[in-house]
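In the two assemblies presented below, chain A is common to both, partnered first by chain B and then by chain C.
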Partner chain A sequence: MAGLLFVLPMLVLFVVFRFVPTLGAFGLSLTDYKISGEFEFVGVKNYADFFTSTIARNALATTLLYALIYVPLILLIALASALVLHRIVWGSSFFRGTLFLPYVTSFVLAGIIWLWIFDLQGPLNATLGVINLGPVPFLTGAQPMVLTSLAAVSAWRGFGYSMLILLAGLKSIPGELYESARIDGASVGRQFTDITLPLLRPSLFFVLVIETIGAFQVFDTIYVMTGGGPARASYSLVYYLYDSGFKFFNFGYAAAIGVILFVIVFLISMVQRRVLDREEP
Partner chain B sequence: MQRKSPITWAHVIATVLTLFTVTPFLAVLVLALSPAYEPTIPVAWPSRFTIDNFIATLSAANFVRWTWNSFVYAGVSVIIILLTAAMAGYAFAKKRFPGRDIIFWSFLATLMVPVQATLIPMFLLVTRMDGVDTMWGLIIPTLANSQAVFLMRQFIRDLPNELFDAAAVDGAGEWRTFWTIVLPLTKPILATLGIFVFLWHWNDFLWPLIIAQSDSMRTLTVGLATLNTESVARAQVMASAFVTVVPCLIIFFALQRHLVSSIAATGIKG
Partner chain C sequence: MKKLLATTSMALALTLAACSSPASPGSQATPGAAQGETKKVTMWMYPVIADSAKSQAFWGQAEKDFEAANAGIDLVIEQQPWDNRDEKLATAIASGKGPDLVVLGPDQLPQYQASGGLASLKKAYEGQEDKFLKSAVEAATVDGDVYAVPIYHTITTTVYNKKAFDAAGVTELPTTWDQVKAAAPKLAAQGVSIMDYSGDAKMTLNLSFYPLLWQAGGSVFAEDGRSVAFNSPEGKETLQFLVDLQKVGGLPADAATKGNKVEGGGLSTGKTAMGYALVKPEADIMIKALGEDAVVVGEPLKNKEQVAFGLPGLLTRTSISKDEASAATVAKFFSSAEFAPTLSKASGYFSARQDVKPDSADKVGAKFAEALAFAKAGEINSKARQVMASLQPHIQSALQGAKTVDAALADAEAEANAVLKG
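So, the complex of A and B:
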């Protein structure tokens, strides 16, 4: 029974701050909850409201578009970095460190730095001005432009993690495979498509899912850089949740958005599981 | 045999990527050292460098207060999470008690629930407990950390049972065994976990944003975000931003290898 005593502090924390809020999210989403603590059971009204609201559908579509831009972008940077690091012998730990550096900072800090870089009078537009381009409205232009800029900031801050996971995956591929491929005269390209990609698949799927889930939770950079704008061009699902709860105090409705977010993230994990299970012989 | 240079095309790409990751930090430093309201990069190289912005930042009462809050939020969380996760991890790995597996797997299952999904109920719960705008209201709800418990359990499971049996034979109590055997043996994983928990909390934003509502309760991330929206000179904002990142940079330079190898080995996610 001593075991239970050792688990007890963490168990209490989990019950009060993880299990109860998780069940509470479902419960709250079926109510109209006032900050005073009064509430009224309204059934699935919040969900009905969500799926008939233009703002909600816009937030869902915006988040989806963001994910479609962010996930390929960060995977590409992470994979390229991992491949490059895997090749490097001399100076490998130096480069691994410099590429990983942004990962130890906050999204808020990343947002503040890149707000300046993307500014109409910022360094990026100054550089483009030299070759007579721009100014490009990175954060004030059309939706695809704004979301790409935001995705680039999150990718800058976050790719180090996926890079390290992919690098570990690359290191676990036996070198003999490449040697025998070389003896058979396989080109570098063939080696990549026939050896590296198939054997890296589990790591690639892992980072794909992690980053997709991360994309659906995007908030900090948007809060700092665009405030959801211009004209709701970057109004994500979590931003909508935050606004509904803490600007409009519509707690039941905000809880429903949280449940919808949970379902989306859950489905992504399930799809990944299916795909991976099917692949294992 | 062709001559092999240690420098390859991979180094060229790695250098370009390094410019991409490192240059923004150097730019922040240049901006922070530029005299406020004078032309600076990218328009012109600053006429001179000054530490006035840093002095102003570090002598602003609220900034010092936010830094303190961030240290308390991160520091206290590290200590409590390490202790409670080590205790739980030890019990899950080496003890038998009813419901052990169900409890362990239900801890892990919470990984599936994004924190944003439970944000509203968590906030209302802390409101009911009168914890809004208090340090304990900020810290305690973030302590239920399944990654920490999972890592501790995996690490302790691989320790030989004989160590614990020997302690029991020597008549050491459960609590003494924990302090004199479990904690010393788990130092490496405690160090790794400590770094990650510190970074998670130091860089955390959404939870402090909703809980720490008054100016004096803010953490650095929240304070920085508000500085950014107020009409504060850019040089000043950048000096504050740079100070904010200093603890992260210290951790990075001191423990980079440690961080990197533990992500590769455990998949721990910041």
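So, the complex of A and C:
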């Protein structure tokens, strides 16, 4: 009883601000809701419309492709940064703070700067021009190019958070294990694959899950930088949700997209959990 | 997960709004209230006066002037930014905290009406039924009921950088599509694209593709509004015109994705020679950048038809307002023949009234006013924006060479018709 009372404030907050809204979204997804407050129960029509819509399928495919580019990219950058920071003795706080800075920077402002960097006449293309490359249509070309550019910007912005989690994981690995491995003649690579990676698995799993969820919920990067274009090359599922709700006032349909997104992310997280978080045999 | 839940929280907010009392704080007036009681009317105004400080001062004074003339009404004018206007307004109406009156465009009004967000404003026309431009009143009318009164009218027309044409040896400024096509290679040889085009996904097609479609004699919707009509010979001619221009360097290289910002863009730096859908404040920017001698304001371009997009600013009564009489009093004041010239002078736009003539001292403004005769306020359909969103990416594909004109319009047609049937 005392335990329940202890967690009650958090439990109430969770139910009121997390659980009930989720149920509310599900309820809304079964209606045709008007901004005047009137609504009509339409059953699973919004879900049927989603699964028969070409735009929805394309948005889902675009989101998947984006996730496939973004998640490995940010994992790689975050892990590499964490490993380097773990080895640095002098000035590590300074570098840690500097690398974390993009995470707390206003993305609207940063997005405008990245737009300029990626512009056909921007500094990146000017640099490529020096070695007779380009101009590369980073944000206006084919879908893989546009999504890679957007994923790079999102990774630049978000890797600091994952890096800190991985760094904490690295610091929790006992130094004696590396010392023993060195005495046994294990190479640096072998130490990484046989000590670091296995013991970092819980942190890696957490980072993988949150970054996968982040990838499926990508919106602000696209909103600021491409508006979903060109030719829907970056039209993600959440952007579709946003358009459906706030641009076209199909709030029931938008809620259905939200529920579908929730289910997709939940399933992917479960699969990741089974694959990565399993106990050692 | 947090973000997802935040998204769904919005859904709950909407659900809760649905369950809440229909009474709204935005409308303090109570039908049948005792005489002498002050009634509150809230009005959302957008930056139709571009200069923020001037806009604040203008609407602050307008509020005082209105209240001095109408002692029984407490008017509150809240200034809002253009950005995310639909998100803010839809959320505000859904939560019952929105304005009684708000300025909408002709493509927004039917969408809000279909979603139950508007209320009749017929009383605002009492005594001035025939004073407004017919096209503006039509834009405020859905299914025979009128929801708004026009308080200003924008108009777009063609604006040229004459120096760019002179430098390319083109002595006669092009006024038809054929002339534009003929002159395009000459300007391209000078490194100048003859015509601006803004294909950005966030742009309204009313300022890019649609005016050209109308000039070609085409239309977006079929007459009954239940299907689209842009996959027609006229639609194909329009898109082919753009694609052909793109091929000869007649459009900016990034036309498929660029926005329509004039300041710092090709039209003010001399890289683009003409815009076919510019408003007066944009012409003023060109004049400031290129000099008065270099800029010529012409008539709307002509192909089979001579048409220009012109948008009435519709002061619209929302479903928040429960007191039509007070809302109509406010709407009448801001659409009056006395107020219209003041707003025109401050905003650079025009009056939507037939009995208010433009300022004859403003030569550039007078040229724009002439274009009002060719004004078309878009095609009214509650799903106009969804159809726009269906067509836009396919135009981008055609301009980028990823699709043929026929394939782009056929794909867009299939998508848009599915939207209209849904």
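Throughout what follows, the second predicted complex is superposed on the first by the 252 of 281 C-alpha atoms of A that agree within 3 Å, B and C clash if a C-alpha of one lies under 4 Å from a C-alpha of the other, contacts with A are read in each partner's own complex, and residues count from 1 in each chain.
By definition in this document, contacts are C-beta pairs under 8 Å (C-beta built on N, C-alpha and C of every residue); 3 or more make two chains touch, one makes a residue touch a chain.
What you are looking at is a predicted structure, and each value in this text was computed from that prediction instead of being measured.
**Q** Superposed on chain A, are chain B and chain C clashing or fitting side by side?
**A** After superposition on chain A, which the two structures share, chain B runs into chain C.
**Q** Is A:L267 touching the first partner chain B, the second partner chain C, both, or neither of them?
**A** neither
**Q** On the A-aligned overlay, A:I213 touches which partner chain: chain B = first, chain C = second, or both, or neither?
**A** The answer is both, since A:I213 touches chain B and chain C.
**Q** Name the contact category of A:L197: first (chain B only), second (chain C only), both, or neither.
**A** In the superposition, A:L197 touches no partner, neither chain B nor chain C.
**Q** Where does A:A231 make contact in the superposed view: on chain B (first), on chain C (second), on both, or on neither?
**A** second
**Q** Just chain B (first), just chain C (second), both, or neither: which does A:R87 touch?
**A** In the superposition, A:R87 contacts chain B only.
**Q** Please determine whether it is chain B or chain C that touches the greater number of chain A residues.
**A** Looking at chain B versus chain C, the one contacting more residues of chain A is B.
**Q** So, A:L128: does it touch chain B (first), chain C (second), both, or neither?
**A** neither
**Q** Let me test your reading of the model: by the given contact rule, A:V188 touches which partner, first (chain B), second (chain C), both or neither?
**A** After superposition on chain A, A:V188 lies in contact with neither partner.
**Q** Kindly classify A:Y33 by the partners it touches after superposition: chain B alone (first), chain C alone (second), both, or neither?
**A** It touches chain B and chain C both.
**Q** Which partner does A:W156 contact after superposing on A: first (chain B), second (chain C), both, neither?
**A** It touches chain B, and chain C stays clear.
**Q** Looking at the overlay, which bit of chain B runs into chain C, 76-84, 112-120 or 166-174?
**A** 112-120
**Q** Based on the A-chain superposition described above, do chain B and chain C contact any of the same residues on chain A, and if so which?
**A** 17-18, 20-22, 24-25, 27-28, 33, 35, 37, 213, 217, 238, 241, 245-246, 251, 254-255, 258-259, 261-262, 265
**Q** Which of the residues in chain B come into contact with chain A in the complex?
**A** Going by the criterion above, the answer is residues 6-8, 10-11, 13-14, 17-18, 20-22, 24-25, 27-28, 31, 41-43, 84-85, 87-88, 90-92, 95-100, 103, 106-107, 110, 112-114, 116-125, 127-128, 140-144, 146, 149, 174, 178, 199, 202-206, 209-210, 221, 224-225, 228, 234, 237-238, 241, 244-245, 248-249, 251-252, 256-257, 259-260, 263-265, 267, 269-270.
**Q** For a test of understanding, state which residues of chain A touch chain C in their complex under the given definition.
**A** Going through chain A, the ones touching chain C are 17-18, 20-25, 27-29, 33-39, 49, 53-55, 120, 139-140, 213-214, 217, 226-232, 235, 238, 241, 243, 245-249, 251, 254-255, 258-259, 261-262, 265.
**Q** Name, in rising order, each residue of chain C that touches chain A in their complex.
**A** 1, 3-5, 7-18, 20, 22, 84, 86-87, 90, 93-94, 96, 111-112, 114-117, 199-202, 253-254, 256-257, 319, 383, 385-386, 389-390, 392-394, 396-397, 400, 402, 415, 418, 422
**Q** For the complex, which residues does chain A have touching chain B?
**A** 1-7, 9-11, 13-14, 16-22, 24-25, 27-28, 33, 35, 37, 77, 80-81, 84-85, 87-91, 93, 95-109, 111-117, 121-123, 126-127, 156, 160-161, 164-165, 167-168, 171, 206, 210, 213, 216-217, 219-220, 223-224, 238, 241-242, 245-246, 251, 254-255, 258-259, 261-262, 265-266, 269
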